[in-house]
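Next, two complexes with chain A in common: one pairs it with chain B, the other with chain C.
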Partner chain A sequence: MSARLFELMLKAAGTTVVISFVSIGIGLLIGILVCAAKLSPRPWLRWPAVLFVSFFRGVPLLVQLLLIYNLLPAIGLAVPSLVAALIGLSLCTAAYQAENLRGGFTSVPRGLLEAADMVGLSPWQQFRRIRAPIALRLTVPALVNEAILILKASSLVSVVGVIELTRTAQNLAASTYEPLLFYSVAGGLYLAINWMVAGGGSLTERALRRGRLA
Partner chain B sequence: MTTPILAQAQDALARVKTEGVLKVGTETAFAPFDFIDATGEHAGFNVDAFAEVGKELGVKIKWVELPWDGVLPALEAGQFNMVAGPATITKARMERYRFLSPVAEATVAILRRAKDDTIKTPQDIAGKTVGAGKATAQLAQLKTFGATLPKPVETREYPGFNEAYADLAAGRIAAVANSLPNIAYVASKQPAVFAVVKPPFGQKSYFGYIGTKKPDDQPLLDAVQAALVKIKTDGRMKKLQEKWFGTAFDTPDVAPEPSF
Partner chain C sequence: MSFDVSVIVAALPAILSGLKVTLGIWLAATMMGAGLGFVVAALRHFGPRPLGLALRLAVEILRGTPFLIQIFLLYFGGPFVGISLDPVPAGLLGLTIYAAAYFSEIFRAGFAAVPRGHVEAAQCVGLSQTQIVRRILIPEMTMLVLPQCVNMAVVLVKETAVLSIIAVPEATAVISALGSQQYAFVESLFLLAIIYWGLVEACGWAGRALETRLSKFRFA
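Right, the complex of A and B next:
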């Protein structure tokens, strides 16, 4: 593979990283809101969140992407390829991240919260000092897992016209007639990126265990 | 103060001229019309032809790449102004879309492995497995032709023709049916691997660029049509065809009524 083609593959890997990380970030923000809504005692907050999660977790990402790209223009919003891809990936991962966070929050032992009540901590103090740190620690492995899944799922966004790592490998494999070479390089790049994500995740977990974060 | 209202009243041609950009949807996996070349550049007959169309209209071309089965739905959704597939002009498509002046002949032929002597004429695919692109006119022609043979042809459908060529090279299928310009190009690039089986079979057909039938799009498509006819008349089209297909085609100025 010439240096020029390897550079193209690296650039495409950059596109993959950027769309994945932006989506994971936006998805985390939306996920926090959806999780809060789902844990809320008020039904008018809870039900939309339940619907959101069932839809975006229940419909394949490929179908979501095609719906966003082809249906939004019908209501006058012809979003460009990149925006459609970011909306699809963000909403899908938001649904999963909301459930991961909810799992973390509901796993905080009741006894700890009762003890906190006894020593007179306010609900906000309880959240900040006890519930959030414990929930976060329980959620980090699931979030890293989700980040890795989204990085791989981002190979689907070529159906809405975003040329990322997988599509670039397909294009170059087709024009050079060397599929083995280009798919191996693409596989290697995905693996390298995901190693870094997993590594970052373990460092975060270790820091959380030693109480340096949160 | 009247500008916003005027902007809304503009048709697709006025909008394209104002923005200076013509958005064209394509799949970049249909050599030699449109593909990513071995240096990673988007190249092919379409790229050169639309460069000329852009010059005639005084606008830049912006390419949007999608897998082929997503291109026509996205055109209808308004994601781009037109499609440079190009697509084989068929009755069903003619009913739904507007075809511009044909740019090449699209009659279907067979591609086989260079070393496979069992396929000497198109009829020799009887009883064999033949690949073609999903939802393509070539697939439809292959099925019609296969039904006339003594032993049925098993068809295998692919998301793109490159996957079909790869399977043919790997020996998973016996042949690929695609239009003559495409397979002639593939065989010329890899003569040790592939060979063309002549003559083409089925109905004579043409490749054309596609737009919608929405009234708003018609002035723009009229302008592109006029540009294409001009490019044909002054000989630029013949040069491009020779460059990319190795041969020039006589194509009518107006898309002819298809026979299938």
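Right, the complex of A and C next:
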């Protein structure tokens, strides 16, 4: 493979990373809202959140992407495929992240909250100083896992025409008749990115453990 | 946005055949993947070290790359190394190998989670290695790994949709083609989403029911 083509693949890998991390970020924000709604005692808040999580975890991402990509024009919103892809990935990861966060929040030890009550912390102080930090720390491994899943799942946005790593490999494989080479290189790049994310994740975990309170 | 049910009713036979392919590939790949994954986990646990390392590398590669890339490599790259497969066998083989990588990790964790004391006790009373596997490790593991196995089966239902990209005539391919032929994207894609949603929920429900029934036999 020529240096120029490899550079093209590297750039495409960058696109994949950007798409994935933007989705993870937006997904985290939506996930926090969905998680809060799911933990809410009000049924009119809880049920839509339950339905949201169940739908986005129960339908293949490919179908979600096709649905969003074709549905938006049907309701008169013609968005570029990149935007459709970002919406799809973000909503999908939001559902998973909401569940991960919920797991984190529900595993905060009750004793800590009772102790906080005793010393007279307000509910907001309890949330900010006890529940949120502990829940977030418990969620970090799941978040890293989710980042890796989304990095891999983002290959599906190639189907709605976003030129990222998989689509670039596809284009180059078709124009050079060298599918083995280009798909292997793409696979290698995904692997390298995922290993870096996993490595960064375990460093973060270790740092958090060193500074831990409980 | 309009919703025309007649498009779907007219195409019912095609939809059913697509569903049959989805279910067939899913069941076959799940079972073969679990079997192969078990063999890989057992080889990594009991086999010689170099083989274990080679299998570990293979599992890491399969788990670290997108399924779509794996399928492209197999389907489009395969003919260059003498593996020419039609879409259905290629999809089945690809999904089985992918599933095996994940199942092997589940079983490996299962092997490691069986209390060492149970294995040592079995050795003390003179059980052979195969007896230990058959009568101690596998029964104890089954309960431990069941939830993750159900989870993996659910992941695999959804992964079958990716096979539409190499033209396996499964539900996603058939139903979304229906959409583009008749310009009925909304109807067809909603139907597709509902079908998978139902499958996934049913699978999760069946898994939980199975778990409750089997929990009677829990040892540890």
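As a convention for this text, the second predicted complex is superposed on the first by the 211 of 214 C-alpha atoms of A that agree within 3 Å, B and C clash if a C-alpha of one lies under 4 Å from a C-alpha of the other, contacts with A are read in each partner's own complex, and residues count from 1 in each chain.
One rule holds for everything that comes next: contacts are C-beta pairs under 8 Å (C-beta built on N, C-alpha and C of every residue); 3 or more make two chains touch, one makes a residue touch a chain.
This one's a predicted model, so the numbers in the text were calculated from it and none came from an experiment.
Colleague: A:Thr106 contacts which: chain B (first), chain C (second), both, neither?
Modeller: neither
Colleague: If you stack the two complexes on chain A, which partner ends up touching A:Ile163: first (chain B), second (chain C), both, or neither?
Modeller: first
Colleague: Once the shared chain is lined up, is A:Asn70 touching chain B (first), chain C (second), both, or neither of them?
Modeller: both
Colleague: After the superposition on A, what does A:Lys152 contact: first (chain B), second (chain C), both or neither?
Modeller: second
Colleague: Under the stated touch criterion, which partner chain does A:Ala78 make contact with: chain B (first), chain C (second), both, or neither?
Modeller: first
Colleague: Chain A residues in contact: does chain B have more, or chain C?
Modeller: C
Colleague: A:Val59 contacts which: chain B (first), chain C (second), both, neither?
Modeller: A:Val59: touches chain C, not chain B.
Colleague: So, A:Gln125: does it touch chain B (first), chain C (second), both, or neither?
Modeller: Touch partners of A:Gln125: none, neither chain B nor chain C.
Colleague: Looking at the overlay, what does A:Ser202 touch: chain B (first), chain C (second), both, or neither?
Modeller: neither
Colleague: Classify the contacts of A:Pro179 with the two partner chains as first (chain B alone), second (chain C alone), both, or neither.
Modeller: A:Pro179 contacts both chain B and chain C.
Colleague: Report, in rising order, the residues of chain A that make contact with chain B in one complex and with chain C in the other.
Modeller: Residues 66, 70-71, 74, 158-159, 170, 173, 179, which sit in both footprints.
Colleague: Can you name the residues of chain A that touch chain B in the complex?
Modeller: It comes out as residues 2, 4-5, 8, 66, 69-71, 73-74, 78, 81, 158-161, 163, 167-168, 170-177, 179.
Colleague: Mind pulling up the chain A residues that touch chain C in the complex?
Modeller: Counting only chain A, the residues touching chain C are 54-55, 57-64, 66-67, 70-71, 74-75, 148, 152-156, 158-159, 166, 169-170, 173, 179-180, 183-184, 186-187, 190-191, 194-195.
Colleague: Would you tell me which residues of chain C are touching chain A in their complex?
Modeller: Interface residues on the chain C side: 1, 60-61, 64-70, 72-73, 76-77, 80-81, 157-162, 164-165, 172, 176, 179, 185-186, 189-190, 192-193, 196-197, 200-201.
Colleague: Show which residues of chain B lie in contact with chain A when the two form their complex.
Modeller: For this pair, the touching residues of chain B are 25, 28-29, 31, 35-40, 64-67, 70, 73-74, 77-79, 160, 162, 166, 169, 189-190, 193.
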